Amino acid sequence: MSTAPLLQTVDLTKSFPIRRGFFGQKLLRLVAVDRVNLSVYPGETLGLVGESGCGKSTLGLTIMRLYESTSGTVLFQGQDLGTVEGDKLRKARREMQMIFQDPFASLDPRMRVHEILREPMDIHGIGTPAEREAEARRLLDVVGLPSDAAQRFPNEFSGGQQQRIGIARALALRPKLLICDEPVSALDVSVQAQILNLLRDLQEQFNLTYIFIAHNIAVTGFMSRRIGVMYLGRLVEIGPSKAIVTEPLHPYTQALIAAVPKPDPKLEKVKRTLTGDVPSPIARPSGCPFHPRCPRAQEVCATEEPAIREIKPGHLAACHFA
Amino acid sequence: MKAHTPELLQVCDLQTQFHLAEGIVYAVNGVSYTVHEGEVLGVVGESGCGKSVTALSIMRLIQGPIGQIVAGQVLLHDQGRTTDLLTLSLQEMEGVRGNKISMIFQDPMTSLNPVLTIGYQLAEPLKRHRGMSDTQATQEAIDLLDRVGIPEPEVRVKNYPHQFSGGMRQRAMVAMAMACRPRLLIADEPTTALDVTIQAQILDLIRELRTQIGTAVIMITHDLGVVAEMADQVAVMYAGLIVENGSVLQIFDTPRHPYTQSLMSSIPRLGNWPRRLRTIEGAPPDLHSPITGCPFAERCEHHVPRCDTTFPALGRLSEDHLCACWRALEGELA
Amino acid sequence: MGRYILQRILAFVIILYIVATLTFFLMHAIPGGPWDALALQDKAKWIPEGIVAQLNERYGLDKPLWEQYVSFLSGAIRFDFGYSFYNATRTVVELYKELFPYSVHLGLLTMAFSTVVGVGFGILAAIKQGTWVDNLSTVLALFSMVVPAFVFAVLLQYVVGVRLGWLPTGGWNGPKYWILPVVANSMGPIGILQRYTRSSMVEVMRANYVRTARAKGMRERTVMLVHVFKNALTPVITVGGPMAANMMTGSLFVEGMFRVPGIGMYSLTAIGNRDYPMIMANTLVFSTIITLAYLGTDLVYALIDPRVSYSKGK
């Protein structure tokens, strides 16, 4: 890649303190995001997949500084987001927006749609009130909602339409980067397809960059050029979507891909070997976080944590044996 | 054509409605399907299509006076006798549930009683249907937990649901459902709320138990991948009706109903990603009025005026393959 | 859990101290003194100034307020509140020892009766949701919550005691005497418990795990009693705990009307009479009982609901 990344995280870490013990004296740390290094290039979609507790949503929130990082840096357009405050931070925030999993929960049920869409512009003082209203109508059109939607309340819409409103709101400030946190998981299959197509179209139309966070790998692969796989807060593999799905390098990714039920009845029913539960981020294993469940684990895996390294061009994995 | 085992459960023209203050919701509008012994029937559809309500109607778990099963039969062929479950008294039905027919649900966290131990909840059907004593039932519960792959079952049997992970809870639910070796297991979206790797474990488990015990399964899901993996026979539902019913190969290779076809092409596959997904415009009907014409008509690319007035009855395309689109039946669609 | 209980006890001590202090100073801030009350009742008992001065000296009321406060505290810690001003021959502690047990007795009986009846009708209404049984129970519950206890008291006394002559209208000499006061005192709590139990049961009945229990073929009776009831208890306990505390601290009207020799009357009159020691003792007793009731309900939650844990970090 010759262009500079739009967003870069350097050893980004987010942990939470937890109290344990009879008198609450023991202090443990829940490491949700562990030294993640990512680069997202302008115009691309980077997908992030993983199961519950892997930290992908926390990563998204930490990038947006909705959580303060515990250590590490987030560089947006070369600027360290951790060091800006006040007005400067607000300005930086205009360029990064987020859409969420539960469309209904992320819309204020007591605000009309046009107020929801205007709010970001009101907060940042963009344009005159009349211009903001006009922009709100335009946004409705952009996301494929009828103009009479402006006067209605969120609960009058279906899940798919509510998500469109969420997307319109995210676009109000003309951001460069959109972090999509499980945007279609709560929607029906046929509606999912509509929203995914919409996101694709909007990306082309407005030259947006996406970080697409989801647990459904097929959906993520459709949207993203590259996919990163997370496990217990670590980025264990990252590479082109096709490669991740057809030739995964990390044993966890391999297990993940094997576990996804494929809509082809003629495929051999492979017995999946990954046993045990998705572990808790409080009691993280030593060395490689995946070693207790890994079919290829050796002694070194329990003692030495593998660094993520390039195995094939553009395709990195954090495994001693990849 | 694969020969079927004997018929186990036949749902015939089932109709279920909900009488709300705002009006009637026609949730199930004449559903018929058959499950054969030991077979897995996948029932696929999106939310609101009636697949769960049909299952709850089979189990007679529809709560009146709002919910009413207004027509149809549910015939259970068991040990040479045929009974219409809809005609049984409540007590007789209670004897069938958990015993001949079991059901597991989508969300394992809320489907288990938080203030009772796992062991207690597992022992309940054993004491109720198989007359076991407390000690016998607890011992059997430990065995069941072991069979569904829960480590240290003697310890775990005294745990409460919140001490189990999501995957373990669903395993416990499966154990509970299989405790009395039912003839039929109804699994209502059992893996939707679980992580992918855990989902795979649960599906493997259900398949294994089904082979061991010979239980037939109705697998209700919206995930076509799950259907492809698990089902022998597939019924596709839309707006409270069956729109297509065939073997899993037929449904995936040669779907004939326009809705099934659209559904197949609107899901992203692993590795095979088109530029844009095929979508179905519009939204499913809201089920507040009785079905007259085809409920899919307004979203269908093969829509002609006759579709709005003809009730979509299931017709036979070939021996095993049924379809509710008159145009497909008359060979008008390619 | 240990840390939790220690925290609660510590908080309790602090609260008690603050309550005592606030009450003490508020009490003294109210215009008028203990001797005026007596006089106001009966002009002939107007106490001459010289005697007032002597009385004040005797009870230490002439000392600066801070000194009085300190001596009150040092006495309170040793459970010595001094002599009641109103009832000059008895110490407050003596009075309590004599009268408080009756209030507690009435309170316990009320609690038992109202729990059985209130919760029972609540369960019944929930099971028979939407039928006439439910509607009737709801109406009766509303009625009992709205009509004051003393109206019930009079009604019961008149109808049952006088007209029908079945039960005595006052006193506390044996089980026959307990019935009417307990019933009158229970009316409000019955209504409240019925409403809470019913709504909690109805909500729990919609839970997924109840559907699972039915799907296992459990009998409807078992579903209700084993699966629904235990889960429905929490809100009932939330409301019942403080209610029990209130019952213990003496129910003024019922005690007065049925001539139950409890402490209730003294709580009411102490303030009017500026009976400072009595007021202080009452306040501290009430605070203690209510605090213990809250702590008790919290501990009961932990008993019935295994998810409730007071060790931090779960």
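Order of writing sets the chain letters: A, B and C. Residues in each chain are counted from 1.
Throughout what follows, contacts are C-beta pairs under 8 Å (C-beta built on N, C-alpha and C of every residue); 3 or more make two chains touch, one makes a residue touch a chain.
The structure presented is a predicted model; accordingly, all values stated were derived computationally and were not measured.
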item: Co-neighbours of chain C and chain A - touch as defined; value: B
item: Busiest interface, counted in C-beta pairs; value: A-B
item: Separation of mean Cα positions, chain C and chain A [Å, integer]; value: 55
item: Separation of chain B from chain C, taking each centre as the mean of its C-alpha atoms, in whole Å; value: 54
item: Where chain A and chain B are represented by their mean Cα positions, the distance between them in whole Å; value: 32
item: Residues of chain B defined as touching chain C within the complex; value: 59, 61, 65, 90-91, 94-99, 102-103, 105, 107, 110-116, 124-125, 128-129, 160, 162, 173, 176-177
item: Residues of chain B touching chain A in the complex; value: 46-47, 149, 165-168, 195-201, 203-204, 207, 222-231, 248-249, 252, 262-264, 266-271, 273, 276-280, 283
item: Sites on chain A touched by chain B in the complex; value: 51-52, 158, 160, 188-194, 196-197, 200, 215, 217-219, 221-222, 241-242, 245-246, 255-267, 269, 271-272, 274-275, 277-278
item: Touching residues on chain C, where the partner in the complex is chain B; value: 130, 207-209, 211-220, 226-227, 230-231, 304-307
